[in-house]
Each structure stands twice: as structure tokens, then as C-alpha cells.
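The following block contains the structure, expressed as C-alpha cells.
Chains: A, B, C and D, in written order; residue numbering restarts at 1 for each.
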């Protein structure tokens, strides 16, 4: 099969580094183009980058010359790890120039003509791209993946959607790796909890409604459920843990919900996309799981783990969910989106 | 004023050590009697105890000879830090023999004739002691304080009670010091979250209803509210953080709730009890507070801190609460209970 | 190539679990026999074991029936993860019965006829086995690997041996995973340092001298160097970091020492043993490496990382070393020992 | 006794905040003047400062108007918490204008006419101020305290000086609070060790020689000992732990060294200076102490704790030392220096 060249916008930042690590040895994609700020452009990637991730900088990336973030000779498929302060304009410039921009940035997520994808949950939202083309007049397109904590919540709620979700109260305990570098000061988080992450609760609440909602051919109908999020930072390296209370219209038994979680499959599984976990939601029976340090890295970080499903005196059901914030919640999410688009015929090889 | 001798049951364990540290330099109470298991009885306290708390073992305790846990020559006022596996029988033996047992153990908390006290919130539950005397035929009595996470929740909800609490969803992030010694294994909690604490959710749910309920002269009427708890262990040394979503019958503005929290006072404040915090619930305005490492030890660990009051899309209001689990949530709670009883004339000097 | 069946003594404990995880998918060895205490014997491995490691219990192990720790029908090649309190007798019983016991326990390490192996450093110590056979009259044999912190130190010093090591001062910062389960209490190590690990300093000092010494055909001549160890526990999950000051008879330039480290190879590399790292000692040029969380897991945990080589005003040279305590320092060390023996013809297939 | 007004240069930074907290309720000094960068000058202290320390900003400081860092109307006694990038010029301007500058900055520590004080160890170095006045022509003066890790080492070595210190190898495990704010990124230090702190080893080595050396009436004779430091950052909040191997000319028994540590007193104790610990070096007998989380805050953070004195096979003796890096190692050190100067008649009231 012919491989596809891909680029990364914001390639020298932390999220960009996660993209590069995730793309290493990808069976379909070759990372050949690194875009970054003018300050870095023209330098060797290994010189322009303070590699912050565990292990060594992939050799394939090290030698690339960093490019300015301008369309021109960039590959057709572009992943965006741009900072929100500049992503809007640059992503649109690439889309206008014919690139498919698969973005992890928040800027376009809530746009009425941009799909906010969790491929197992709402692959059919890709249908909105026709409207996007019509309205925007771009030769290319923009698709997005959700905020890291939203991914964990929506993956866990995906299997429950058919029972009629009406109310959700979620509390997150989020890892430090989600905050970039230098990110959270150690004086703030060592042996501590910070019960506030700027903008995070609003994102979780709105994005969840859009993802679990429907594209009605014309616009997104958000899920008619109220969602409340409490977002906290805890001293964990990778993996966002979420406690969830949920109200359902139907009142299935707990065993039925567990079965629904474990049996949940989507297009990525059906098409055996390379980054798709075999089982996207894995219910753990042990009474004290999932746990971030022990479970986050299983299934290459692409599955969401759930556990402790039990009765909630207030909303009916409650459980715990966990997912890898920089993999399933960021770089891996975007790459899976691109794989989905390719399998849907939305990207030429 | 004449000082009162006090004893501690389970004096060599972790909770017992917290009692001894908290009682050091107490203006009313002299710790003169240490009860522990037969294995320790007869030994010097300093020899029988592995002192696990920060700093050094108080000199006044070091030289005591550990006693068997039998009434006999023990002081009239006894604090119980007994392990739940043995507390029922021993506490009852002391009560029967005429001692006032102020217990931190869970065993009698939910008994229909035993007050479960948070002095600022439900001091009037002491009225149930008359019934206890009648039913049990004890010359003495047993009063209890709640589980450490319940204290934080009920102190924070106390000021809201008059608005009519109907539903509560709370998620805790609990410190390791709550689990005794050796308690939580470092392999379990270092850079991790454990989303399970055995029995904790049930305690928080039931105890909260009893504490916020009423003693109707005959029995306790639990608060007619549903309460759901998600309990998690996080790598924090002291201080339980709780995110709370709450539904109220009345719909006060957020400023009114903050004002209610800050203005909240109870008998301990009115009587200026020695361990009473001047302001029992302190609302912090900073957007990212309270935080356990930074706020737990303020006000000698006896106040509960709240913050981030805002609208909850599901239940109406949400906020964060924090309290010191081994002080306000254990030893300090019991000592405040004893001070309250003394000020109510329920203990002779 | 014919695969070899192997057993693990102490298979249900933490060290045993590390063996089982390390042996999963081993190209030469099949883990088919699990020995444990009488309490566990007869039960299914998955029932008898509280699996404490990240991820799930390997399926191949789960179904095994746990055996008593008696020779009989156990495989010829036995790894010992026995607790020191029982290892002496059991390991000797297996050796007497003809088994090759590759032990991680401390019991036989300093015996005058038992090789204490770091295969890259002192593979020729295997020659002592002839003496062992003669003296003990065993049909089998016992070989050992060092304590986890000793491995890191001796791997790092191995390349320097030819310059004449005369004095070594080493301070360790050791991970919690080295202490088993429950091991270190979280109250002891969270946001703390414990400057003491029972018996560790003596082990590091003595074992280092034996490993870097010579087998003279008759007995082990310890290296004529003084070694001083300061051992500390720090809140790190995996990976022991060691700061080393070393005095050498020759006074090579720092570049020569770095080159010696990077060029160091041994029999495991020459024979391409399956668990051998390609480059056993890897010098990292970055000014702030190696770091346990970032570097320990590289090279499958089998390499030792060094860095910061610079002048020591007292002993001449100083540097930092890091290795994976449960892999290179325990299970992986023993498996590499077994691979070495097989490649030396000391084990029949 | 008449109180003395004091100012703090760099009052809004982290070190400045430590000064302000330490000076709260000081029996001799009134903090009345806050100097900071031009950006902050003119604003209320509480507005210009992000208070990062535990607890609340002291009320006495909150209302001060921040001043430019120019002599003029500042108090005679000035503590400097200036950043090294600007301290040289500003501190000299204040000294020239007649102020006594008691500095925690590194800039003047190694100057040949500036005392680098640890009052218990080298109070007689104040004699160098006469030379400073003569050489510099300043109406005021500059005195300094050492780097935080140097304080711990020199306090612990002070009692051993009379035995003839010849060689020292020290490894530090330093708390994150020493690095300011935001300081160490949580991604760098959570569950990790960073074996490098820029410039720290050089400071420890040189400063120790100056402090333990002599002022010979003309210049400082450094101690004729070689000192080697390995400096590491560990995930601890407050308290630097140091392992020390030391060679002495005399060979006292270990009991004699312990006795020397416990009996060690200096001018601060003799004069009962308000910030002086009663016993400046406290040897802890427990086999696993001192520990930063448990011992750092004892004695108001002004004592240094030692433990585990034992034979070092290489240098003769080894032990562990611990001190509070932001108290005894910074703000408290400077305040004690000022108290010493006042008691020596070097400051008018």
C-alpha cells in the first residue's frame, strides 16, 4: 500500500512531539514535514526542539528542516498541534489551500460546520464536511478531535447512548502531561490537588453534547442532556481519571451496561484501522480499577478503561473511566481521525 | 479552671497518636491514661509505640504506662481511637461503667440512639443521649464523630441546609494519612489515583443524611436528600478535597451562598470552645483554591475551606471543599465534641 | 531451536511476578512451573496471586497450578525469587537434586564458591562452578545476580576497571518498586526521602568488590578497592539513580572514560543473547540525564545509563548512573545469567 | 526595646515572600519597606504579588506600596532577595548609600571582602567588614549567607572542624521549593530525580571552603580541605537532605562526633538571638532519620538535623544531614545574620 506523507503544524511543542512519537513506525503515514514558528523555521528539527518526552527523539524526525507554517509545499495531510493563540488563521489557510487539517487544537471544535470526532462514537459526523466545503469554499477541510478529558468521558458514554443519556455529573483527576511544558509548576502540584483547570469544564460540557449529538444534514443537534464537569489536576504523569454519575432514560441492569461497554465497537474496529484498539472500552472487574499509573498505557494508550459500575443514589448509575490524555486524548485521537477519513475515501492516497 | 483528665483507647495506633498530638497543651484536658491492646499493656508508651507523626513524641505521653482497655481506673472522659474490629464491645464496656466515650470509630455512628456530631451543624443531636441512657441503661454514654470525608462534606453543606438540600453528588480526593500506618502502599499511590476506598462511599452517604437530619425527640430523621459519593485516594499527605454538586429547594444567588458559608457559626463559636475555629467555613475567592497542601493546615486544621462556587448545569450549584482529615476529620473532631459536651454540662469537671 | 522449560521459585511474590512478566514471550524459555509456599500450592496461579504489576497477568501463567517448592518434577532450570528467610535451604535442595538454580536472592551471593554474576563484567566467574560442584557434591548448581543497586554500580564501573579502581563513594536514590509489596508505606515516602534501607549499604559494598574481583581458580579475590555506599529511598517508581565518585590508578581524560563506557561490551553482546542490550552502558550527553522516569525503561530496562562525567575534587572523577531495579537489577539479570550459562554450554537444552 | 524598620529588596518574588513570612511577628524587626522591579513599583504589595506560599499573605505586608529598588528613603537595614541578574549593582548602591545589606543573593558571596556567614560557625568573619569599608569606601556594608545546600553542609560540618576536616564528598537531594516559582516543571520532577542543578555544585564546594576557613585580618583563608558535591533535585517540597562522607585528621570515635554535634553552640545561642535554634545541630538516633517531610519544620526550620553517623570505608565517617532550604537556607539565615550584627553592635537601633 502506498504510504502517505504527513506534516505536523506546531511540531516543536509538546503536543507536536507527541504527534511525532505516535507517528513513528505508523503503517500508513510518513512524517516528512515539520512546521513551527518563524523562530524555528530553517533549523534542523533536533536543534529547534527541546525533546521533553521519555526516551530519545525519533531519528526520522531529527534531521528534518523545520518549515514555516505556510501551505505551499506541505503534504496534503496535516496534523495540527498549534497553540490556540495562532491556530485559527493558520489552520484555515491550510484548509483553504487544499490541505486536510486534522487538528487537536480547540479553535474549530465548536464551529457549526466542523466535525468534532471520536471515531467510535460519531464517525457519521464526517457528513458535515460537505456543508463545510459549501459554506467555507475551502478546497481542503478541517476536522477536530476533542479535549483530552472529553475523549475519556465520551468514549465511556458512547456505549450508553442508546439507553438515553439525560444527565451527567463528571469529576476529573487529570495528569500533568496534559498541560504542556513547563506546564504545571511542581510547587503547585507536588503532594497537592489543584481544583481548577482554565476553560476545561466548559470544554467538557459543550464538546460532550456535540459529540454525542447528531448531524442532521444541516447542523449539529447537541445531545439533549445536561452535563456538569468538575476538573482537577492531580500529581499523576499520564492518564485522566473521571468519576461519572449518569442518568439514563431506560433503566438497564448494571450487567447490561457493563456488557454494552465491553461490546461497544465502531467503524475503527470494523475497518481495523491501524491505531484503533481492538476493544475501545474495556471494563475492568477489579474493585479498585482503572488506575492511571497501572492502566493508562495498556492497549497502546488507545482504549478507555472503565470500572466500578454501581448504583448512584442521585442519577441512577455511577462508574470510573480512564484514558491516556496525550495518546487517546490528543495525538492518537487525531491520527485515528485521519485513518478514519482515509478509510472513508475522504483522503486520497 | 480545673483541668480534666482524659484517656485514649487505642493510644498506640495512628489515630491514637493523632489524639495525643492534638491534646498536647490542651487548655482543659490532660492526657493521663493510654489504653491499648494486651500486647502493649504494661509497657512504657514510648516503648510500645512507633511514633509515626511528624516531629517528636510529646514528652507528657512518653512516660505513661500503657493500660489494658478496661474501665476500672481510667478517667471519666475517654476518647476512642479503637480499631473497628474491637471497638463495639470495649466502648460499650466503658459506657456501661460510667465513662463518657467520645469515639472516632465507626462502630456506633449509625446507631439509632447515638449522636453523630459535627458541633457547628447538629449540636442539638446531643438531646438523643437521654434516650440512649434510657434504652441502654449505661451509666456513661457514647458520642461519635463522622468519617473524615463526611466531616468535610457536612461542614460545607451545613450553611446550605436552610435553603433545602435535595440532592448531592460528591467526589473525594483523599489524602493518604487517612489510612493509618502502614496504610496505603507507596506502589499503589505514587503518581497514581486509586478510585476506591472500602466502605467510604456508604459512610459518606449515610452519615451525611443523619448529621444533616433532625433528632425528633425519639429518633433521628435523616435529611430527605439523596447523596452520592465517589471516593478516591490521591497522593496527598493531609487534607481531603471534595467536589460537590448540590441541588437546593430555594434558588439563592451564588453570592448569597458564599455569604451563608462565611457567616456560618455554631455553638462552638458562640461558646468559644478552645478547639473551635473562629470561622468554621472559610470561602476562598482565588479561582484555584482551596488546595490541600496549601490550605489544610490553616486555622490549626479545624476549619473547612470552600471555593469555586458556580452554577452546576445538572444540580444547580457546584463548589470545592477541603478539610484536614486527621484533625477536623478525626482527633480534633472528637476533642471538639468533648468540649461541646462539657460546655453543655454533660461532663462534670 | 528447542525451547527450555523453566520454573520460578517464589512465583507468587512481587519478584516472582517480575520474573513471569520478563519471561513472557522469551525466545528460549517457557515458563511452565510455579513454585510457592504451601499455602498457595495446589491453587491456580491466577487465584493464588495478587497481580501487582502494571497491565494484566500473562495468560500463560494464569492457568498453571502452583507447586510446592520441592525439586521432584520441576524443570531443570529454576529461577529463584524466594524470600531470604527460606531461600537457603530450598535453593540448596534444588541444586542437590540436579537443578540449575539461577537466584535473585541474597542468600548465596557472598558464598565463596557461588558466582555472583553481571554477565558483561565477570562472565569468567562461572569457572567457579567446578569448585562448587567439587565442594558441595551437588548434581546441580547455584548462580546468583547482585542486589539491584549493586548491578547499576558495577555495570557503570565495569568499563573503568582497566584503569585501576581504588576508591568509590556512591549515593543511591532508589525506587520504591525495589521494596516489594506492600513494601514502602506511602506515609513514609510521599514527598519524602528515607535515608536508610536495611542491609543495602553492606550489600553494595561487599558485592561490588566480589563482582569486580577475580576468580583465581580457587577462590574469589575481591577487587582491592574500598567502596562506600549511602543508600536512600526516594519517591520514584522504577529506576535506581546513583551518584558515583571514583578514584582510578591511571588518570585518563574524561573523554576516554566516556568512550570506555560507550564502547564497553561483554559476552552477552558478543553472543547476542536475547536479553542482552546492544550497548550495555549508554552515556547520555545531556547535562541533566540520566533521569529515572525518563530513561529507566529504554532498551527494555536492560542497559545502564550514565551521564555527567566530570572532575571530582576528592576522588578524581564523578558521574551519575541509572538502571532499572526490577529488570536489570533483578528478573532480567537472572534471565541474562541463564542465557549466558546456556551459551556457555552449562545448561543442556 | 526599640524596634527596627527593615526593607526587602525583591520583595514580590518567591525568596522575598519567604522573607516576609519569616519576618512576620519578628520581635526586633518591622517589615515596612518592599522594593521590587519598576514594573511593580507604585502598586500595593498585595496587588503586585502572586502569593505562592502556604497560608495567606500577612496583613502587615499586604497594604505596603511597592517601592523602586533605590536607596533614598528605605530603612537602614535591608534584606536582599534580589535575582542574581540585578543584585550586584543594586546591593552595592544601597551599601554605598549607607544601608546594611544582608543578602541572600549569590553575587557577593565569594568576594574577598564580604563575609559569607553561618553565625554558629564563623561569626568572627564579621571582622572582614572593616576591610570592606576601607576597600570599598561604602558608608554601609554587605554581608551574605550561603546557598541553601551549603548551609546544611556547613552547619553539620561546623562541629567537626576541630577534628581537622580534610576531605568531603556530599550528595544532595534537594527540595523543589529551592527553585523559586514556577521553578521546576512538574513534568521534570514528578516521580523522578533530576541529577543536575545549574551552578549548585560549584557553590557548595567553594562556599564551604570559605565558611569553614578563617579571616586572617587581611583576607579569607579557605579551609584546606577538598570538597566534592553531587547535587540532585528530588520530589520533596521543603528540606534538603545531604549524605556526607568526611575525612578527619583526628580519628575520634563515633560517639565523640555525635556528642560534638549535639553540644555545638555558637554566638547566636550564647546571645539567645530571636531566630537562633536552641540547639543548632540535632543528632537523631532513629536509624532512618532525618527525613525531610518529617523533620524539616521542627525548631521553626532553623536547626540542622543529622543522623546515621557510621564508618565510611573510604573517608572514615559518613552521615546524613537535613535542613530547611527556604528558612535556615535562605530567609532565616539572613535574618539571623542581621540579628547577629545587631548583637555585635554593627547595626544601630
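A few comments on the model shown:
Everything that follows uses one rule, which is that a contact is a pair of C-beta atoms (placed from the backbone, for glycine too) under 8 Å apart; a residue touches a chain by one contact, two chains touch by 3 or more.
Quantities reported herein were computed from a predicted structural model and do not represent experimental measurements.
Relative to chain D, the chain whose mean Cα position lies farthest away is A. Of the two chain pairs considered here, B-D and A-D, the higher C-beta contact count falls to A-D.
Mean C-alpha position of chain B lies 40 Å from that of chain D. In this assembly, the C-alpha centroid of chain A lies 48 Å from the C-alpha centroid of chain D. Residue positions of chain B touching 2 or more other chains: 190-191, 235, 237, 293-294. Per the touch definition, chain C reaches chain D in the complex via residues 167-169, 171, 173, 190-196, 205, 226-228, 230, 232, 234-237, 241, 243, 245, 287-294, 307-308, 312-315, 318, 320.
The touching residues of chain C, when paired with chain B in their complex, are 52, 176-177, 181-191, 235, 237. Chain C makes touch with chain A in their complex at residues 54-56, 190-191, 237, 293-295, 297-298.
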